[in-house]
Amino acid sequence: MTNLLTSLLYEDWVLHALIWLPAAGLTHVLVSSADRARHIAFAWSALVFVLSLGLWWSFSPGDGGFALESSTPWIESWGVSYALGIDGISIFMVLLTTFTSAIAILGSFEYIKTRRKAFYALMLLLQMGVVGVFLATDIFLFYVFFELTLVPMYFIVGIWGGERRIYAAVKFFLYTAVGSLLMLVAILYIYFSSGVDSFAYEAFLNAELTLREQIWLFAAFALAFGIKVPVFPLHTWLPDAHVEAPTPGSVVLAAVLLKMGTYGFMRFLLPFFPGAVQHPTVVMVMLILGVAGIVYAAWVAAVQPDAKKLVAYTSVAHMGFVVIGIFALTLNGLQGGMVVMISHGISTGALFLLLGMMYERRHTRLIEDFGGIGRAAPLFATAFVITALASIGLPGTSGFVGEFLALLGTFETHPVTAIVAATGVVFAAYYMLPMVQRVLFNKLDKPENRTFPDLSRREMVILGPLVALMIWIGVHPAPFLERMEPSVQVVLERVEGARPVPGTAGTPARED
Amino acid sequence: MTEIVFVLFAVVAVGGAIGVVVGRSPVASLLSMIATLASVAGIYVLFEAHFLAAIQVLVYAGAIMVLFLFVIMLLNLGHDYRADVKYGLWYLLSLVVVGLTAGALLQGFMGTGATGVRGDGAAAAAAIDAVVAEKGVVGAIADPLFTDYVVAFELTGLLLLVAIVAAVVLAKPRT
Amino acid sequence: MVLDYTSSFHYVLALLPELVLSAWGMGVLLVGVSREQEGGGGQELGWLALAGLAIAAVANGWLYSGVTEEGATAMIAVDRFRLFANWVFIIGAALSIVISLPYVARQRLQAGEYYSLILFAAVGMMFMASARDLMVIFLGLELMSIGVYALAGFNRRDRRSAEAGLKYFLLGAFASAFLLFGIALIYGAAGSSNIHAIAVAVQDGTIATALMGPGVALLAIGFAFKVSAVPFHMWTPDVYEGAPTPVTAFMAASVKTAAFVAFLRVFLVGLDGLYAQWWSILWWIAAITMVAGNVVALVQSSVKRMLAYSSIAHGGYLLVALVAANDTAAAGLLFYLLVYTVMTVGVFGVVIAVGNQTEENSRIEDYAGFGWRQPVLGVLMTVFLLSLAGFPGTAGFIAKYHLLLGAAQSSLWVLSVILVLTTVVSYWYYLRVAWYMWMKEAPETAGAGGRITTPFATRVVLVVSVAVILLAGVFPGAALDLAAGSIDGLRDLVAGSGVAAGP
Amino acid sequence: MTGVGTAESAMTALAGVLSPSPSAPGSASGVAAQAAEQWEPLLPGLIVLLPLLGFVLNGILALWAAGHSSAAVRAGEEWNPFAGPSRPRTHTLPTLIGPGVMLLAFILALVNFAGMPADLHDPVIRTYWSWIATDTISVDAALQLDQLSMVMMLVVTGVGFLIHVFSVGYMKDDQGYPRYFAYLNLFVFFMLVLVLGSGYATMFVGWEGVGLCSYLLIGYWFSDRDKSDAGKKAFIVNRIGDVGFLLAMFLLFNNFGTLDFGPIFAGAEGQLAVGGTTVTAVTLLLMLGAAGKSAQVPLHVWLPDAMAGPTPVSALIHAATMVTAGVYMVARSSVLYALAPTSQAVVAGIGVLTALVAATIAMQQYDIKKVLAYSTVSQLGFMFLAAGVGAFTAAIFHLVTHAFFKALLFLGAGAVIHSMHHAAHHADGHLDEQDMRNMGGLGKFMPVTCVVMWIATLAIAGIWPFAGFFSKDEIIWYTAAWAGAGSNPFGTLYTVYWAVALATALMTAFYMTRLMVMTFHGANRTGAAGRSHIHEAPRVMTVPLIVLALLSVFGGWINVPDALQESFAGLFGVLPMSEWLHHWLEPVTHAAAQIQIAGFGEPAHAAPPGGGEVAWAMISTLAAAVTVAVAYRVVGTNKYVPAARDPGPAGVLRRAVYNKWYFDEVYDSLVVRPLLAASRWCWKVIDTVVIDGFVNLTGSFARLSGWTMSLFQTGQVNMYAFVLTLGVLCVLGAAVFLQ
Amino acid sequence: MLTQALLLSGALFVIGTLGVMVRRNAIIIFLCIELQLNAVNLAFVALSRYTGIEGQLFVFFVMTVAAAEAAVGLAIIISIFRHHETVNVDKFNFLKW
């Protein structure tokens, strides 16, 4: 495989292709007819996914640094370059993106009935933006992609969403924008502190910041990423966005967009501000927020009448595990966080697809409108149960590996946090099982549910790979863990190795 | 002597200005305005700006104010004796704001005199007087007008053209 | 070629674009008057005016291609700063004329006067950019203003237009008086109205400080009025709403640009040495402008009025560049103005299209479902709005980022934060238009409006504008270099001082 | 590598994993690893894999079958769980696959058992692939064979096989037949992972996996809301325990850097202080896990509800195997517990308390399965008591015998229910097929069932020479013996335990006899219509019952204590396998025993009130026998009426017992409802009002301030001039006064 | 003398400002603005005694501007009068908020 890839000069073009092929697909969709838009879009996203698969072989973890790097000057006067690269952290995010995008597009075939061209064009634009976020090694470029993802999502939610779609779309947009724009100011601060006219990742790493500065900048970055994740008190956009979004939107939102936040934590927050990250108060705050997210979101999820909202809240809970894993600042925690990210992308994505299928069939998302579906649609029920179990982290599924490592890593440094977080394991059952029961089990007492069709062949094709992945990662996560380990190690070493620079760099020049 | 004349003119000017603001009819305001313009012209004379004083009276008080009067008559506003000054709280508030603004200006201007302006007052005045003596009242102004400030001068020409065009366009009756 | 102004002919050369445009304006006027038509048609006059702008652009290009001046102290500056600004004016005027073409025809306005007034106003703007003398700035400003007063009230059949004209005129004249008073005081304090001389006097310390304080303040107020900075903005929404839409576009884009360019030259060149005295005033004005402009825009139901408030807010962002007062910020200001001109005129172009060349359909509800009815215009509008909002991928982002860069360079962190937070506020009302266009269904009664027809030329221009916005959003390098190059040497006027440079 | 090994490698490769590699069990193995090298276990991976294979095959069949039945549902037919067509693919194949894989697994287990050297000191570990591995932690997917896991494996596969066979008859008419076997096979797979896992992490996989299967099987008839509720309850309560398990693992990892049994147990004595905080915490947390899984007070509430599942499931999961996983885990961690005397006291205390509470409840239940369920809880309590007092062998011994007789009881009850079910079909009105008040006199109709159940009853009651006698007696004796140990700090406490245990044993005899009498003796209360349909179970069900009955009789003979060997209990020396199990498990429990003796001193040779082992064995069996006889008389003279006409128990105490000491109600009002209320409060108040309120308020505030500011925009020139001048004033003032 | 002249200029200026704020008649408002311009002219003349003849030149320009403004302004007033039959600026509040 590797030889084949090498012979194709795969490493030279793949990263660019991953970003720009969706753009080509977007154009293609726009010039095609509305009827064929979905097939074209799927073909392009499938192509991108197949191409991205090569990374699995082509990427070797090495020393944890970036691989397949390329950098072209973009805005030279500002030191901005079009710089891409991939490491053990981003490779999984990229694969997750290409994978779920293709799945989401396939899953939207029946769901999206109007304005298809626009929809698929936006989906491809979204994919392009997200892949860009994960591949960019230039902060400016990263920021551009980071923001770029908002627009397609805004329209996807706003146009194809449910009743309160506009409220949800705007809330999503504004919430996220607040954070990211403040981050932009922080980015500029580092840019001027680094003393190098460059937005390159390496240059930012070399910026000398005092502890005080680091904490402020940390706050700005953490706000931006924390909203995206979302971390506990900043999460209220998520349920609304999820509930209103059309299925494919929810899938991509849950599977990938949220990961941009935690990815940001790992990629930027930790390495840029090692001093702040090690500050006990900062760590405590982040851990408390993470734990609060786990418990609180689980509680709130448990009493949701709307299945989609329930799953949306579970995302908050899951991401809480990622947050504590990251801020435990241990290898296991970080790796666990990574695995939770992947796992959550797959299982929650699948859950949203399943809920979408339910909605397509019954045009309701209220749990109480279902019941006994397991009788009418056994395949559906099977897929649903497996996915739900993966979501609550049953051993043998992907969810367990991640949560186990994250909790283990947290326990190493912050036992109390881990103890409280571990109750999330119970609460996961507390919110998920009643939903499963009320949807799939109980008496099939509503006549309209009797004719609930079982999975179609297309739907099986969609869910099959997801379920397979859940189990694969749960049973044999080693290929994942070993690929990410060096890069995670690098992040950790950076945090542990650095001490804040003393001095008063960056005092205001003119505004004293 | 000059001071007394100045004060005299100043009092008339300010009185006229107040008259403009409180005048009951537009015509009354206009006449007060002319009084102000005339006394300001007098002050120009005190500052040895004889040509400007003349222009002030001829062009300003003469032509422009007549234009105003003409419009007032055109619109048949001459007999409008309804007081259109907004008295009451609004007036009070405006007075306060204006008074405070005046205070700020006063504070700014009090320090003038010796150090308020750049350059030596006596020397500059002497230089002006010399130029006036050499080129005449009109020539002293005309010379820089057509040399150093020729661009500005041409610009005023364009300005007037635009004003005419604009006035023609706007004042045309509706069709 | 180096101009030294010892020969009057060199003035002619230095003012070539202005002269061309003035003459052309007169020509358009004459052609228009000679044709004796009242309303209707007149498109060819528009094209004629565009040709004049093209020639002025050529002249400007010639100046840009390497003509310099001796000494850099004369009344008329021949520097790239001015020439860059001229480009912006020409683009602004040209785009405004293009979106005017069908409007003027449909509204049966007097085309000859209309287009010539635009050209004359553009000349006034150019003078504002080129003037190195406060008095010339004032005259240029009046030339521009008088033209725009007339344009604002141009539609005599529309009482809103007349009202806009009156308000603009009264308040504009009122503010001019403050500006003039400021000029007088500075003239007294510095002994000259030449910006270079003022800068030198400030540098020497020979300036008389007593009058300088109020002088600078009044000058700032005068400019602040023209850039519609809060609290001198009160006229803006009314005038923007009442004026014929293409004029609104022209006002929002070019008038503001001209005022900012002059503002920049006066404050960052002439009064740079007094930075310590004026920065805090501008700081507060900038902050209040950003906040008030954006916040009030939230509650507008008329798109035109909303855009008026949005333009106020943009003025606030631009003021940040003045507060930052460094080369980066200055270049950012120029770049922003260029981008802002294109997107503002563009957005008003779509507003005109939605209004079907009238002043109707300007309520936000009228945009419901518009995007799906007119996908091309809808997409264009969306891009314009995103660009106005400063969203990545559009030139608006690069421009706003440039301003932030300048602010950051001067460590204006609080102001930067205000800028970004108010930007978030602005997202709401820009997105609101987008959500009406794409996410709401058109009301059942919408059939009354009928098909919206937009002339081919307008469409082409709008598409090109969008292309430019996107291109500059993705590959801004050349434009940025151009803007940065336009600042080169601008603030080094005061030889050997070095105070002009930012931190 | 032998050919067998190659075959095994091929099998595991089939599963898509790395080939197995024998590895030394941790650092402390040393020279002793040689012994492991000499013994090559036969395809241990296959033993585990077979049930999984069964699950996959049955699962496919289940989906296929479900597709058909769901088509019927869509067509509008009412769901009838017992109307399944007996097609080859939905019936014959699962019948072959389900019990078939179990049989193969059992045979393999037996072969391994036979081949296992008695002197094997260190466990044999088979590593298949690296499961979770980072720089600091390495968890392998590995199986560990030693004496303890061997016993458990035999119980699981053996009893499991019998129950599978029984199920063939019991579930014959169920539409979800293949699904049932799929779940059952999956359960066995996870159970085997649990008992064979080479470390806590692997064990945890099985631990949660069996929980999952329990959930699925309890809610097997998921259309019934109560049944799926019960499944859910079981899962959630189990998960509470699992948190303890998880935390214990974390704590262990922090101290040992590994989760494998070998290194932890080898290093425990050196690294952890006796009675230290860490080891106490670890063991208590593990105990929490065990309590969840093994239904110990206060986490016992799920088990009685779990009776909602098919009865064979109750037999397999909720009697014989899964619920004993906690005991297995404590026994497995014997070294750690030995190091933590406090935890031991707690474990024993919880055990004895559970035994007592459950036994009392069992005395007042009418549902035949509920009685058995509480009986199970009670017996599990005995096992914990054993583990708590350090008699790990006794715990495992009781686990084994309990697996026999309790499985038998449940299956017997299953046969009764099966029969009653047919009767219920024909009865007038509603007839609860599990309510013993509706039974009575069934012995006439179901003689085989009656007999085997009496055997099991005698066994559980502790009557010599049945299996239960030996195991229970050993527990009680060890409690007494350790209570009297020289330096046991909890001596008095142990004495109390002993007394309570003794009393509980008698209660066991009582309620079991009550069950038997109410079910099989006296007059029949089923009603005439139903009565004629009561019949003996088919052979496929009775054969496993008979096998289990034999085991219940003789199963106890594998561990006759040395002290009793020569007494009546050992038939005066006739019984052959004196303390066989004890010796067999010695390699596993030896270390713990050493530590315990070091800490407590030698166990006493007399019970607290005096008297040796033989004497107390005599006393207990006689007392039990008397209790059985008395209960037979007392219960037999009671006049029971059918459930429909029974007003329920009278009197505060009886009612409290009947209502299970109100555990469920207390939990409901103290935990469930407050939690739900808190959740709702979080949602409605914190999320909606506070956070979203703040967010929306920000927006509203912005709009409000915008609106306020726009009020100045009156459209009047004077106003505008005024504001402008105000601005002038501010700027001018600032410029003039603030310079 | 300069100070006094500037003070007079300032006084006239603020009186003009007051007029703009309190008068309703558009023509009078405009007249007040003219008053302000005049005040500035006075300042220019006074300052020119100290700084040179340009000050007087500027007055010249200002007068031109005033004339141009007068032309345009009065035309606008006439124009709006045709709509409203009044020059009361309070009536011109169709555009607001």
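First chain written, first letter: the chains are A, B, C, D and E, and each begins at residue 1.
Keep this in mind: contacts are C-beta pairs under 8 Å (C-beta built on N, C-alpha and C of every residue); 3 or more make two chains touch, one makes a residue touch a chain.
This one's a predicted model, so the numbers in the text were calculated from it and none came from an experiment.
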item	value
Given subunit C and subunit E, the chains that contact each of them	B, D
Of all other chains, the one whose Cα centre sits farthest from subunit B	D
Comparison of D-E and A-D by number of C-beta pairs in contact, larger one	A-D
Centre-most chain [mean C-alpha coordinates]	A
Computed distance of Cα centres, subunit C from subunit A, in Å	42
Whole-Å gap between the CA centroids of subunit B and subunit D	102
Whole-Å gap separating subunit B and subunit C, where each centre is the average of the chain's CA atoms	31
Inter-centroid spacing, subunit E versus subunit B (mean Cα positions, whole Å)	8
Residues of subunit B engaged with two or more neighbouring chains	86, 90, 94, 97-98, 101, 104-105, 108-109, 112, 116-119, 148-149, 152, 156, 159, 162-163, 166-170, 174
Where subunit C touches two or more other chains at once, by residue number	135, 139, 142, 146, 149-150, 153, 156, 165-167, 170, 174, 185, 188, 191, 213-214, 237-238, 428
Numbers and ranges of subunit D residues touching at least 2 other chains	699, 710, 713, 715, 717-718, 721-722, 725-726, 728, 732, 735-736
Listing of all chain pairs that touch each other, if any do	A-C, A-D, B-C, B-D, B-E, C-D, C-E, D-E
Residues of subunit E defined as touching subunit B within the complex	1-8, 10-19, 21-25, 27-28, 30-32, 34-35, 38, 41-42, 45-54, 56-57, 59-61, 63-72, 74-79, 81-82, 87-88
Residues on subunit A engaged by subunit C in the complex (per definition of touch)	74-78, 115, 143-145, 147-148, 150-151, 154-155, 158-159, 165-166, 169-170, 173-174, 177-178, 181-182, 184-185, 188-189, 191-192, 506-511
Parts of subunit B lying in touch with subunit C, wherever the complex brings them together	104-105, 108-109, 111-112, 115-119, 148-152, 155-156, 158-159, 161-163, 165-170, 172, 174-175
In the complex with subunit D, residue positions of subunit C that touch it	166-167, 170-171, 174-175, 178, 213-214, 216-218, 220-221, 224-225, 230-232, 234-235, 237-238, 277-278, 280-281, 284-285, 292, 295-300, 425, 428
Contact set on subunit C toward subunit A in their complex	275, 279, 283, 324-325, 372, 386, 391-393, 397-398, 401, 404-405, 408-414, 416-417, 420-421, 423-424, 427-428, 431-432, 434-435, 438-440, 475-477, 480-481, 484, 502-503
